[in-house]
Amino acid sequence: MKRIGVFLCWCGSNIAATVDIEETMAAARKMPGVVYVDHNKYTCSEIGQAMIREAIAAHRLDRVVIGSCSPRMHENTFRKTVEAAGLNPFYLEIANIREQCSWVHKDKLTATEKAISLIRTAVAKAARSEPLFSTEMSIERRALVIGGGIAGIQAALDIADAGFEVDLVEKEPSIGGRMAQLDKTFPTLDCSACILTPKMVDVAQHGNINLITYSEVEKVEGFVGNFTVTIRNRARSVDMEKCTGCGDCYAKCPSKVDSEFEMGLAKRRAIYTPFPQAVPNKPAIDRANCRYFTSGKCKVCQKVCPAGAIDYEQQDQLVEKKYGAIVVATGFDTHKLDNYGEYAYGKHPDVITSLEFERLVNASGPTGGKILRPSNGQPPKNVAFIQCVGSRDKAKGNPYCAKICCMYTAKHAILLSEKVPGANAFVFYIDVRTPGKDYEEFYNRAYEECGATYIRGNVSKVFPDGDKLVVRSVDALSGALVELVVDMVVLATSVDARADARELAQKLSITTNAYNFFNEAHPKLRPVETQTAGVFLAGACQGPKDIPDTVAQASAAAVKVVSLLNKESLLSNPTVAEVDIKLCSGDMSCLAVCPYGAIAEKFIEERHGREIRKRRVAEVNTALCQGCGACTVACRPGAINLKGFTNEQILAEVDAICL
Amino acid sequence: MMGQSEKLQKIAAEALEQGQVTMVLGWCKKDFWWQAPVAFITDPASAARLVWDPFTVYNPVKYLLDNHHCHEKIGVFVKGCDSRAVNRLLQDRRLEREKVVLFGVPCDGKTDAAKIKAAFPGRKISAVSRVDEKLLVDTDSGTETLPAAGYLLDKCQTCRHPNPVVYDVLAWEKVEPRPGVDDARFVRVAAVEQKELEERYAYWLRQFDRCLRCFACRNVCAACNCRTCIFDQAEPRWIGKASDLADTLNYQIIRAFHVAGRCFECGECERVCPADIPLQELNRKLIKDINEYFGEYEAGLDPNDKPPLGTYRGEDPAGFDES
Amino acid sequence: MRYSYYPGCTLKTKAKVFEDTTLQTARALGLEFAEVEEWQCCGALYPLNTEEVFPLLSPVRSLAQARAAGCTKLVTLCAGCYNVFRRTNRTMRSDAEVRGKINGYLEEDYRGQVDVVHYLEILKNDVGFAELAEKVSRRLEGRKIAPYYGCLLLKPRNEMDFDDVENPTIFEDFLRALGANVVEYPYRTECCGSYLSMANEEVAATAVGRILTSAFKNGAEALVVACPLCKYNLEEYQKGFREAAGSPAAGIPVLYFTELLAEALDVREQDGQ
Amino acid sequence: MSVKPEGFEPLIVAFCCNWCSYAGADLAGTSRMAYPTNVRIIRVPCSSRVNPSFIIRAFQRGADAVLVAGCHPGDCHYHSGNFFTRRRFTVLKQMLEYMGIEPERFQVRWISGSEGAKFASVMNNITAEVKSLGPNRKLRDAR
Amino acid sequence: MKVTTDKINSNLIKEVEEVSGQKVSACFQCAKCTGGCPVVWAMDVYPHQILRYAQLGLADELLNSKTLWICASCQTCDSRCPREVDIPKVIEALRLVLLRARGGNYLHPNNLPARVLENAPQQGLVSAFRKYAR
């Protein structure tokens, strides 16, 4: 039989005025296992805590029940009290007789009756409590950042500046990401490259940052503080040690393909750096388009390379590394326009996407920063901008708002007025959304000062008509039908999650929403954490966002990483799930409902007569388990139990309440 | 032309001879004309014991749980319902697909011996055989012919998957589901739903008052495949041992809940119940609700899908006040 | 291959040439079109409300007959019939409530087992345009032809699943197989006014005018259609259009695609033969 | 119908998730929002910890009603727990009604940590509803 | 034209939603339907306005609108609608409400020109009478 001590707190008059302490004490004395009952004016005071410690010693108590305020208030305080007296801190149970009794009931008789019941329930639970222990886990003091766009760059720099080593993995030959493709940035119109490239150089030069380009994450194992990540270094066919970045190779390379960086508006070579300011400024061979790799002949780059850096024999390398924390910053894709035949994209060269327009405006772009019609190289006189292409469209595109298009379209209209004097911008919109510092003013500028005409109506169809384009819509505000003849149509393409986001989410045991954006742990209060401890999010991989938000989130993620890596060690949560392998059928129903990937299958060996049989059972990774208990209900044979909230305890509580 | 039993015998004998499997589970004939118990055949010569007759209703699949350790590979004859039991065990990871060879047997419905007996009161029956849609009943006063459709087991009258949904070999051509099975599926559930609340409680009390807690419903069920059933545990004791009606209700509610989204409607629980408790009315109620709330789902068709209670959608509706 | 063939009212009367050239060309291509025995008018329009179910009886009756005759595909020509049949079939597959009502009334058990196809789809998928091109004996070399899709073949987008709604290609591919020069013009899927020509002629006339102008500006010498009503509108208002605008766009012949097919396969029989 | 004894005070067992509904109950307390004494709360980490067996056991032992309360969907502290709760108890609730248990006897509600007033009003309502139903005899032990 | 609480709260939306099976309230007035309508120039109330009027309960304006008889159900609009509203079905519902409430047919065979009766294909005649008469 357990030796349970019950301590009732008056909380001044907060409890004692409504609950008859004497009567409650008398009732508690009769409860099974209760050997000592006492009371105190303020149990949380030092005097009150001392009384408990002394009673534990004097009466050899092995379980403690305190009737007081909510456990959400003082559970930790009293756990420490109990621990100081030499008991396991989880031998404590609190009966909430203040918030859930004295404060909400007026009648002393029934309130006392309820308080007794609450004490009895806590006693029943305490009698079945088991000692619980946290385990201490070491931390690998290095971080991995996946994705080398502005989010990944910012996170890597912040973590590295705090003194921790960072590996920055980028799948392209250079870091820079989407921001490197942009011309100006809203709402200040500062040049994207001017603010980004210094950061890229910082990354390359930072002693704590190890840049791993042309590489991808292959596998992630382990848990917070102790991740083991396998990285695939794709064969670059260029020896990074030897290459000086002189550029002779791509000047001579005979095979030309559409440049991804230029959105197909210009060509690049098969051996290439994506753009002139690339970091590292060392090329890679795109083997699918390389003459040597496709036909076995050529080797021009090898012949011209003064450093002897070309290596056709390179193979993909799998490298295993350890990290304490991971930041995911993989960015976004632009929406495919296959479902939008009505806009004649791909049918007429002067219908372009917003990112293509961005390249046209860019001084280092295919036209040297001149806005020219792809069809004839002439500057356009009239340009239609169509908003929400693939956004806010549950029938054919994304039902969500892509968040950035209103602002970048205002920017495009402003840039058009600056670069092509006399040109007219017509912006077709459903709603204009400009929440953000200085954003509304920026939008105002587009139509007030830069002459953009905003038309409230979604464009229904673009008809190519000779070398012009006819844009048909309606201005819903005036009710006037609109039919404009323009020289260029710019489609504000929506923002999609990366095509491989779901795959990466699986590797990281994090979840995505219906549109494959990674889920944060809490939409308001834990915006950069994921529900997998130690994995953090930055930038558009979590949802469409602009550069300021992206950078803010990246720095926030970096702080989370730094505060994690700064810890001496991690203490595991002791109230975790536990598998009774005798009862486990190995059907892994528990695994299906675990939000943390904390359950894995393992095989145990059992002797059956002469034979050894292997049997599948579930195993809980206590470092990952957060103790929700969803698994315990999914498990039909009740083989998985939750420490601190066991089946035995809860059934005993039910029985005690209904006594 | 080879008879259906002979076809099964040939399949089993060949599989054993070629060493493809070391044991075959099928059906054989023993003491009574109305029974065709599961046979465990380990040598080709005994394959001749196998039969396919109006009473091969038993599901051999659950026996795999006890036997798959001892054999490299086991061959199993599976009707539509049995094949879904295979998927049940596969999804529950209680069986590995590579360890079994499935001999699919399209099934045109099994016969209810009790109905046959009732049709010939006072007459002694020695054998019943089936030819297409006719039953030939040998009685002490000559052979009688009955329409097979009128003497089906209740569970076969609502069978939507008479053909195996997973198999390696098919014994013969597939059959068409009986007309109207879709409409019949929830007829009994709807009838109970129609009753008034108190009437419903009284109805179920009447049913479960007969329950002996013999656990036959659980033991026959391929979805009840836990190594140790929660109701067999001593600590914690989830239900009382004595035969209290409240404990019986507890057992039956939790049993039904444990097969929610997993029951593949073979109807064996109801068929084997010695007290004739209409357990399908409970199981199918849960299926009906899951379909209505969370989208159509049929268990035992694809071992790789997610059972409805093991997954969710953010926009799921709730069967309670969400305000 | 054997197909159930549903001609529809118009092909038996005003659009006889459509049916004749269809049957001639099918025969030449080795396709067996077996006319549904007791067909009735399809209703011309698929009901656009939740209350009307019985207009589906007629098409389902034909579909059930096709199934009873052992056909897996039912072919239609008129875009109106095709639209009604295709959508009816889809409803019978997916809507248990409607299915129950219709089957209950007809005492049938039809669940959409038959596929509804358009002749163009047969040419594309079952014959194959590459194979068709080989069978052409009189290539339409140099003929500048503008395909006109109209609405009913393509829309509604998620119900018809015939081709890309905004950028369809089946007509163009068909014409190329016959050796014709395909005229691309942006109005090929714009509505011709449909039944407005019965009650609001000026509306239909204007719609037709735009289509013809666009086709003509892009060099069309003939228009090809799959719908008797489109053909009627495009021809009927060409005259008025000419008078009004004096446009040379008038006088563009409007042909059924089967007429061109018959010509290319050289199987066109003259009337009365 | 059960006979309603004079002055019947129902016993209501409530399972509240620690992060939302239990916090909501505490907030009702700190805001001094009065409600009847009939409810007894069992604290669980998440509503997905609540096993249907616990509910049936409560009825068996004499509870007149059982409430399961959790975070609003999308706000679960453990990300997805209450989505499973929703599916499980949608099924269980319909089943209990189907078996003739009054719908008021088993309720599931979403109560956030900021909804002290909602907690109190749910308690008021459920107590009133069950009072008018009278004591529960269904599913109850014979003893 | 005036919007009042009574109009907004009237049964019109409900009735239209029931008959059409379409969610009128889903429309967010992007007006893509109107922009692409091939016969919009002949309408007095544009397609996006039809939905807006229905949302606001402007029954008289809707039921007196020429648009109900101009729409050719070509389904260009709903094939592009980002909110998955089948607008021709909404218009059809209004047409039915009107034909039911007011009786009388919009089109009568006697009113058709002989030229049309003689030359038009059956398909056209059947369609027109299904649309314009009860």
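Going by the order they are written in, the chains are A, B, C, D and E; count residues from 1 in each one.
Simple rule for what comes next: a contact is a pair of C-beta atoms (placed from the backbone, for glycine too) under 8 Å apart; a residue touches a chain by one contact, two chains touch by 3 or more.
These numbers were taken from a predicted model, which means no experiment stands behind them.
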Taking contact as defined at the start, I'd like the list of chains shared as neighbours by chain D and chain E.
A
With contacts counted as defined, which of the two, A-E or A-B, has more C-beta pairs across the interface?
A-E
Identity of the most central chain, Cα criterion:
A
Taking each chain's centre as the mean position of its Cα atoms, how many Å separate chain B from chain D?
37
Chain centres from averaged Cα atoms put chain B and chain E apart, in whole Å, by 54
Between chain C and chain E, what is the gap in Å from one C-alpha centre to the other?
26
With chain centres taken as the means of their Cα atoms, state the distance from chain C to chain D in Å.
62
Multi-partner residues of chain E (at least 2 other chains)
41, 76
Shared interface positions of chain C, touching two or more other chains
165
Where does chain B touch two or more other chains at once, residue-wise?
230, 238, 309, 314
Which stretch or stretches of chain D touch chain B in the complex?
1, 52-53, 56-57, 60, 73-74, 80, 83-84, 86-102, 107-110, 138-143
Which residues of chain C touch chain E in their complex?
8-10, 13-15, 41, 43-45, 48-51, 78, 80-81, 151, 154-157, 165, 189-191, 193-203, 206-207, 210, 227-229, 231-232, 236
Residue ranges of chain B touching chain A (in the complex, touch as defined):
69, 92-94, 225-230, 233, 235-236, 238, 258, 306-307, 309-311, 314
Quick one: in the complex, what on chain E touches chain C?
18-21, 38-39, 41-42, 69-70, 72-76, 78-79, 86, 88-89, 92-93, 96, 106-107, 112, 116, 119-128, 130-132
State the interface residues of chain A toward chain D in the complex, per the touch definition above.
70-73, 96, 98-101, 103-107, 110-111, 113-114, 117-118, 121, 511, 519, 521-523, 531, 575, 593, 595, 626-630, 632-634, 642, 645, 647, 650-651, 653-655, 657-659
